[in-house]
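This report refers to the structure that appears directly beneath it.
Order of writing sets the chain letters: A, B, C and D. Residues in each chain are counted from 1.
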Amino acid sequence: MPKTVFSIDQSRPMRDQDVPGHNRWHPDVPVAAMVRPGDEFRVECRDWTDAQIGNNDSANDIRDVDLMRCHMLSGPIGVEGAEPGDLLVVDILDLGPVPQQTGDAPGQGWGYTGVFAKANGGGFLTDYFPDAYKAIWDFHGQVATSRHLPGVRFTGITHPGLFGTAPSQEMLERWNRREQALVDTDPDRVPPLGLVPSPEQALAGKATGSDAERIAREGARTVPARENGGNHDIKNFTRGARVFYPVYVKDAKLSGGDLHFSQGDGEITFCGAIEMGGYIDFHVDLIKGGMEKYAITTNPVFMPGNVEPRYSEFISFIGISVDHDTETNYYLDATVAYRRACLNAVEYLKRFGYTGEQAYLLLGAAPIEGRISGIVDIPNACCSLYLPTGIFDFDVRPTAEGPKAVDRGQCAVTS
Amino acid sequence: MPKTVFSIDQSRPMRDQDVPGHNRWHPDVPVAAMVRPGDEFRVECRDWTDAQIGNNDSANDIRDVDLMRCHMLSGPIGVEGAEPGDLLVVDILDLGPVPQQTGDAPGQGWGYTGVFAKANGGGFLTDYFPDAYKAIWDFHGQVATSRHLPGVRFTGITHPGLFGTAPSQEMLERWNRREQALVDTDPDRVPPLGLVPSPEQALAGKATGSDAERIAREGARTVPARENGGNHDIKNFTRGARVFYPVYVKDAKLSGGDLHFSQGDGEITFCGAIEMGGYIDFHVDLIKGGMEKYAITTNPVFMPGNVEPRYSEFISFIGISVDHDTETNYYLDATVAYRRACLNAVEYLKRFGYTGEQAYLLLGAAPIEGRISGIVDIPNACCSLYLPTGIFDFDVRPTAEGPKAVDRGQCAVTS
Amino acid sequence: MPKTVFSIDQSRPMRDQDVPGHNRWHPDVPVAAMVRPGDEFRVECRDWTDAQIGNNDSANDIRDVDLMRCHMLSGPIGVEGAEPGDLLVVDILDLGPVPQQTGDAPGQGWGYTGVFAKANGGGFLTDYFPDAYKAIWDFHGQVATSRHLPGVRFTGITHPGLFGTAPSQEMLERWNRREQALVDTDPDRVPPLGLVPSPEQALAGKATGSDAERIAREGARTVPARENGGNHDIKNFTRGARVFYPVYVKDAKLSGGDLHFSQGDGEITFCGAIEMGGYIDFHVDLIKGGMEKYAITTNPVFMPGNVEPRYSEFISFIGISVDHDTETNYYLDATVAYRRACLNAVEYLKRFGYTGEQAYLLLGAAPIEGRISGIVDIPNACCSLYLPTGIFDFDVRPTAEGPKAVDRGQCAVTS
Amino acid sequence: MPKTVFSIDQSRPMRDQDVPGHNRWHPDVPVAAMVRPGDEFRVECRDWTDAQIGNNDSANDIRDVDLMRCHMLSGPIGVEGAEPGDLLVVDILDLGPVPQQTGDAPGQGWGYTGVFAKANGGGFLTDYFPDAYKAIWDFHGQVATSRHLPGVRFTGITHPGLFGTAPSQEMLERWNRREQALVDTDPDRVPPLGLVPSPEQALAGKATGSDAERIAREGARTVPARENGGNHDIKNFTRGARVFYPVYVKDAKLSGGDLHFSQGDGEITFCGAIEMGGYIDFHVDLIKGGMEKYAITTNPVFMPGNVEPRYSEFISFIGISVDHDTETNYYLDATVAYRRACLNAVEYLKRFGYTGEQAYLLLGAAPIEGRISGIVDIPNACCSLYLPTGIFDFDVRPTAEGPKAVDRGQCAVTS
């Protein structure tokens, strides 16, 4: 077990840790711990919401998650010798939920998948599911089951949703500029088109005083993916993966969290995946001047690990870039096409007795694959969603007899 | 070898076949051959362009492809007893290039990947590659190599780009309505936002006289995917796949073609994939009333085959929904995000000595995977492109030494 | 499609072909066709028995197969420039059953699995199944089903059972010497311990007169695998595989046949696998002096193809080197251990309604994996047999309810 | 993390634990802890030798391992309600090396592979490698590297070598009878043909007095696999695997250990695999009367997990049942054939600069596959060894240029 360079007490919020993390991207968040190229080390992480999500049957806690506080990151970890222009080579050696049972936070034998209400950020299908929902998952080694989703059992592909290096000041300013411009196109929209800097609930690690104030004021929100990495939600950042991060500031300053016990391609519920606190073990190295050598200047490049669970049969759903009313056509819009594929899958699963909310939560958490199939055949983009049949304890394939719809209960809802 | 119910002489265009196919979707295209549930049968197909693409080093033929004629389909195959509301169960038993060497059309030992010029439909990266290009591929069993792309050798995942059932008259009218509305939003755009009905170059199978004229006038173009299937470009419609098509008209009327020797997820060059003529063997069956039973009303559902080539190591590229200028932010736009991932891959491959055009053609043809990674993290969609490292005969992974750029020639260009 | 350098008319036995093949290994069998390093070419093959096996419900034809005639090989193919000490690099580009329907021989849309009677060579379980049996398989693209084995449907991993280069005279003499010595230890055994040279039914290709007589007298039987390759029965010699054969004589002289539509690891019925006639496409090359360079002197080395059907769930059976009476212990005997694993699988499948003979035939033909698990833990070797659960159309896994035994008929038996 | 029902202090031998385990199979070893069907629980295990193997460059410790003490087992775990005739359903939820760094025993960040000397049990290739050797492996998450085997890095498939239920008294007596009979056929052989009961170094768990004496006198050695499970060395007993064990005594009495960080099919060095202490998490259930229902009476049946590392390219070696002198032929002897395949692989690897001992240790520890290819083609069995090419940091495939032999040092040897 490598040495722990960033520790978490899962019973306390990030702000109250001995060495707190941060929830804004800024070049001046102080390094929390230094490591060297070649080092192996462990980083502990809070559940991304840093809230008190409960192992219960009410989704009120999901409804009330404070997005101003999310996503809460561990770090920054400084890497000796890293300079702008280098590539930071990060091997994910291992990761998982909290090893020792010390309380009752997500990651301690269980996790959850949430759907946010439309008023609180929504999700990919928020126009169809505007309320908040939750499913609790129990962990059995690498396998997850849920009392809120009976009939399902699968091997998770555990990964961090979010890691990245610190942006330069110039890059940060560009982010804020372009995101503000986007929000300004429809400032009253719910959910908003973007989340621009705000000092509310900001946490700047070990920074204090005017430094902390400036970080809070200028720092980019940790919600999306950007050039530095960020919230990729790529399930294949799992054990054995190697990620090449661009370095924009001295020491690289690697931060992250948002550990997922499982998720498919394409987190669709915003608070999707099976969320948990836990640990992640890294090995780091540097390719000096690697950004120019390999033209990796604006997004990390990665090599997935070779231990993804092996599923060999899928039932797959297709969507095209035509609205659900079937009357509105979009031009090669993969987002619309994938949404349609998701909705087609939801309708299909309802025929087997799941509620729409249950199906939505399931698609957010299970090892599905989201594929871009056709992106040039004017005017319709075509996307597809691959759902492994082996995760169901019944036969989910179409047959001449038709599906057997049984009562499968319901997920956690708001009171 | 199953009986052939639709034959092609590859030396002649579709219009001159004994039983011609069609290039418009319309409920009244007459059935070319009838089969029964439980039958196994073979359908032969022309290269989708139905043009005379040459095994040479000039892309002039690609530049001059007539989109009014594409995609040319074999069929319709009528299925006895099929009625609106049923699901047509189609098993893809086998498919491949033309078995007998009888001339020199694509599919007879070779195929091609093209990039269309911006003025002629363009492609996914047409703003960056506005001209026409071509690469010729040689077939060695299931393996492809190209003199225009040295250093690459891969197992193809052969599949049809395009199959579907006939639309009902009501559905056809809806398609035409919504696509015209989309085109009307920017009627002078190049390439156009959609391809609306036009009698030019229309082919209506065995229909003659006023029937043929009406089909030519009303028939939907065969370019995009729609509710009936159509141009999915899903690589996993390969040997062993089972597709459940909605049935909208009596006899179902299955048509298709556009066979690909290989393609990744996400055809990106429009005339991408490795295009060829060839054959496809089907088994068909019916699930009576299956559309309602399984809520499969608007797009086919499928189960992929289990013989996809096995690649276990990938170098993967990420893109987010920010324009290449890094200053313009789009709201959860997966199309932009995937384009960025593609461009990132192109830049990377250039460091190893490929031209941008070569890299673009390669990504269009090789067994890459295009994944939707994050689609809810405001404001950035995140997509990724998985490129198998095993298809290169050199080490394509980043190392401390940096890449070895060698002269890798060039693809076919226009004169 | 590569040029055919060795042709077969499937309606005639090998002896009556225009250019006959051979059924004895000997350095002096004349070359049937010459190819060059870098060439791609096709070889057509007879069903290994070269007999008239019928698509019917009687196993009399299997009972009467003449082992003196088996295995019948196509070739030898000479490779220009090949000299003793080289490695012959053979790529298997493609292979399959006879493409054109011209009659009713195995390979023309169907194949068979046989169990030999104990008096005629027996099989791996001959002490438990001493009679002859047969199952007919129908081909549906790459998928096989059998009216004699209802409830089963799988993707075959098509491969040649037997290819090899010609032995040198010195090597041939060594083979004959050591096999005679083995037979002499128990000369009256049924089945015999080995098959030593015999002119009966010998076929020596294009050789005539005294040459043919000498080959018939001295030539090694084609039944086992030996240093030159031979009857490997390795299922992963499939599309995309590359084999490095030692070269012992001028021109290498590659010969083979015994094409299998499907087989697991470990052919267990002798006439197991799904036997058929068909074609195989090769590419050949040379590594000059490769035998010494790579220490590949006594058996081929190979790299399996990457298109093996993907099955992800297995029910696996274990055997140890203790006899079925449970009272006799063998010392680290993997053969006994694997036989026990096979018998355990047979007993298990009988609980689902198959007869023992059906189960035996199924294990011989389906894509099972045969593993050597422990080979040092005194005194018991431990082997295991992995049976993919996805090939059954019922749930073959153990449950609390117990198995559902239904009448599954019977295979073809002798009258 | 499930509750631990059997604890180990890795700094102390098994005899000195608070609740000691056992190293003899006997129905009367007292239950160490009871669990119920449906329970999840953790069992901690010592390195199988229970000796003080050092993280150093001397193989003297391997030379001196006392086989009288091996294999040391944790347990027995009693399962409430289990009765003879039931099947015990054991899910392997998770397993791994010792989570907390508390000293310097194998499993605490490192493990080892050993080769025993011929005088001390030997190994599969003991006639070629008669001395003792050792390689130390460092763990990096699921990845292993070794300073004694430079150029190699692979993902382990962690599994227990040995678990089983207690035999009945009748079964135990049968074991002792048949193994004594085998030993009696050549009582002076080195290594011996079997290991018969001996009170020397026997440990009987919590049993004391005359009970302990009787267990020591009658108890079967824990070295081989037998009807109850035992030392299977099956690498696919990994995370997610489900094993169905026959139950022969009240409470089933599950015991085991011998955890491996990695091993291929076919442990070949006796002290092969990457040996370590660690933990294993189980879920158990019962199928009442399952032995008769499923005809699982003499060996466990299992379903492998779906998280085996994915390697897609192999270089594979073939062996046949002819002795290394090439002059002695054995009848369908898979043990000889597999030994030949192993020796062929060793010779091949030596061409790249490894010593024979290094190659032998590597084959014992890496995720190779050992296959039974042909077992009926008189007189030669044919086995093959699949070595993944991706575990080497150089190109291990044959090329026209020939291999690059570099100095790769040496493993640990005896002084």
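Heads up, the rule we're going with is that a contact is a pair of C-beta atoms (placed from the backbone, for glycine too) under 8 Å apart; a residue touches a chain by one contact, two chains touch by 3 or more.
Keep in mind it's a predicted model, so treat the numbers as computed, not measured.
Peer 1: Which chain pair is joined by more contacting C-beta pairs, A-C or B-C?
Peer 2: Between the chain pairs B-C and A-C, B-C carries more contacts.
Peer 1: Measuring centre to centre with C-alpha atoms, which chain is farthest from chain C?
Peer 2: A
Peer 1: Between chain C and chain D, what is the separation of their C-alpha centroids in Å?
Peer 2: It comes to 32 Å between the two C-alpha centres.
Peer 1: Centroid of chain B to centroid of chain C, CA atoms only: how many Å?
Peer 2: That pair's centroid distance is 39 Å.
Peer 1: Counting only Cα atoms for the centres, state how far chain A is from chain C in Å.
Peer 2: Averaging C-alpha atoms per chain gives centres 50 Å apart.
Peer 1: Taking each residue of chain C in turn, which ones touch at least two of the other chains?
Peer 2: Chain C, residues with two or more chain partners: 306, 310-313, 390.
Peer 1: Residues of chain D touching chain C in their complex?
Peer 2: Touch residues, chain D against chain C: 87, 89, 121-124, 174, 177-179, 181-182, 191-195, 223-227, 230-236, 244, 265-270, 272, 287-290, 293-296, 298-304, 306, 312-320, 322, 326-335, 338, 340-341, 344, 347-348, 350-351, 369-384, 386, 389, 397-400, 402-403.
Peer 1: For a test of understanding, state which residues of chain B touch chain C in their complex under the given definition.
Peer 2: It is residues 1, 40, 91-94, 99-101, 109, 140-143, 155, 239-240, 281, 283, 305-311, 390 of chain B that touch chain C.
Peer 1: How about chain D: which of its residues touch chain B in the complex?
Peer 2: So the residues of chain D touching chain B come out as 310-313, 390.
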